[in-house]
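Note sheet for the following structure.
Chain naming follows the written order as A, B and C, and within any one chain the residues start at number 1.
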Amino acid sequence: MNALEIADVWKYYGDFPALREVALNIEPGSTMALLGRNGAGKTTLLRIIAGLSRPSRGSIKIQGADARDQSTRQRIGVLGHGIALYDELSAIENLTLFGKLYGLPDPRKRADEMLERVGLSRVRDGLAREFSRGMRQRLAVGRAFLHDPEVLLLDEPFTALDDRAIAVLQSMIQSMRDRGRTIIMSTHQLREALELASHVALLQRGQIVHTGERTQQMLDDTGWLYRTYGDN
Amino acid sequence: MFLRQVWTIAAKDLHSELRTKEAWNASIAFSVVILLLFAFAFDPSSDQIREFGSGLLWMTYAFAGALVLNRSFARELQNDCLDALIASPVSSPALFVGKALANFMMLFAVELFSLPVFGLFYNTWPPRFAPLLLVMVLGTWALTIIGTLFSALTVNLRLRELMLPTLVYPMMIPVLIAAMTITTNVLAGNAMGFGVRFLVAFDIIFTMLAVVFVDTVLVG
Amino acid sequence: MREKIIIGLALFAGALLAWNMNTIFTQLPDELNQGAIYRIIYFHVPANILGMSGFGLGMLFSIGYLVTKDLRYDALAASVTEVSLVFASIGLATGSIWARIIWGVWWAWDYRLTSWLVCWLIFGGYLMLRRAVDEPNQRARFAAVVSVLGSVNAYISYKSIEWWTTQHPQPVLSIRNGGGMAEGMEAPIWWNVLALACFSIILVMVRMRQESFAREIDTLRRMAHAQ
């Protein structure tokens, strides 16, 4: 069973198709880099996979179940642009809250473990609003990985992260890959993405124009993909 | 599972509100100010207070309550928390009911606080407290459901500050009229009247409609 | 073809209205208690009948959108609701004029009037909401929810004269409990309903075309921005 099966997905804004005939199959354990220019539809597609939006046509199946099912959302982790944390709650309170929302058996313990993992144990009782930007980002990473998701969705993950946060994120992504989890990453930053990715998909004007394994050629010549399949 | 999620969301909202007290302070202050201003506008010692006192009370509740209800989903916009909640296993109805519950408790607390203030300024007190509590519960639940649902609907609109009151207040009018009529009866010591059945029916119908529609509103 | 339908309906409705006016003003006697002003009922009641049923129809089309996700249902809902709002305004205004003559006040806060005013405010808010949302599908979804909730209020207004004792007159139309008017007085109401219904169909058709153009422009704009 594929980790992700996207079949004939269209998304209309009014009568304008932002996504057209999008079809994608992602095998379990792969790391997919979703590439494309601004406005190509990456965020739209990711939002649909995350269950934040419904496709106008077509279906998204995550491990065989519909994206909006509760059991599916249990197994997805999302790291988007916003940090998705409550400023007025402390680090431990934030993570415990999400632990409870995800139905974890011992939310507090898991939150403590995660704080340790992202290097925020020292400030576990500090309010999120008092944290520096880098600390907030690390806490956000902790939240996304808290429930040990089987499928992880990352929207521009390396943008605006400081060094320490990038290091934490990279190590957590690596540990997920080691455990055979699936990662889908949408990004501009070709170099970082292509290094981590096992597969790539290029989205252009709402359509997938190329999908396949990441090749050495892509790594050596990062512009190759856009030149070959792009329209400039 | 559903109830646990509802409770987690409700607890989170209440916890956040207790920390910041933004809506609470604004709401309490506002209700005291309205009651005070009306005491100056109308002579509170006259007998007519029995007639329009309940109207004044519910108007205070509606406006002070709007401050609380407005924040309900708006508090999730900061840091994109709303997306995180929708993407989580919490169903939209659970999210809605949890927030409605938290809002109801906050509104009811504000109302209970306002009641002695009202009694003090206007020298009026119900002969029996239980019927007043009943109408407060029924009326406040209706206001909460309407306010929470429209808070969810308007949360992503750029004209949220304008659209929320425009949509919410007309919907609240039937509830307020019924609540005011019943409260007038209660303050005078009479039977509560037909309004109670109306409020109960309104509560049930609108709660059902809100739970059915909230997913459509939240997920695009 | 479309123009022919519109012109045909307009001519038919115009003729019907003219004929009906003749009946109302020259043939019928004045009402026993109210005098000449009672004739306002021939505009007040049809306008409100169309307004109320229009809101209900708008609700059905809104549900149609929610089920099918076809934007044409949304266009229908918006058009019908907007036209109904116009009729509701006429109903409120004619009622107010009548009230001034008969009751001596321009307005009274009884349940029928209040609930109908509430409906007017809710569906006015519906139109405002539509203008506040850019994306057509989101606009349709939100409008549909408001339409359904507003229609509950329309139903309350309809039933208000039965559920409560109101200052507004009790039912007079023979289709409702306790109704019944003098010989020949009820028919012109229904003829006017027909005539105004034809006009409203014309208005809805015009509005639908506007909606379809607006959708096209929106799509073109999005295509242009996507380049």
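Just so it is clear, a residue touches a chain if its C-beta (ideal position, glycine included) is under 8 Å from a C-beta of that chain, and two chains touch if they have at least 3 such contacts.
Fair warning: this is a prediction, and the values are worked out from it, not measured in the lab.
If touching chains are joined by edges, the resulting network of the protein chains shown connects every chain directly with every other.
Chain pairs A-B and A-C differ in how many C-beta pairs they share in contact, with the greater number at A-B. Taking the mean of each chain's C-alpha atoms, the chain closest to the overall C-alpha centroid is B.
Our note on geometry: chain B versus chain C, Cα centroid distance of 31 Å, whole angstroms. The distance from the centre of chain A to the centre of chain B, with each centre set as the mean of the Cα atoms, comes to 38 Å. Rounded to a whole number, the gap between the C-alpha centres of chain A and chain C is 50 angstrom.
With touch defined as above, chain A holds no residue shared between interfaces to two or more other chains. Listed for chain B are residues 220, each touching two or more other chains. Across the assembly, chain C contributes residues 137 that each touch 2 or more other chains. The touching residues of chain C, counted against chain B in their complex, run 66, 114-115, 118, 121-122, 125, 128-129, 132-133, 137-138, 141-142, 144-146, 148-150, 152-153, 156, 163-164. If you check the complex, the residues on chain A that touch chain C are 12-16, 39, 56, 205. Of all residues in chain B, only 1, 4-5, 8-9, 12, 15-16, 19-20, 78-81, 83-91, 219-220 touch chain A in the complex they form. Looking at the complex, you find that chain A touches chain B at residues 50-54, 68, 70-71, 73-74, 76, 78, 80-89, 93, 97-98, 100-103, 143. Interface residues of chain C, counted against chain A in their complex, comprise 69, 71, 135-137, 215-216, 218-219, 222-223, 225-226.
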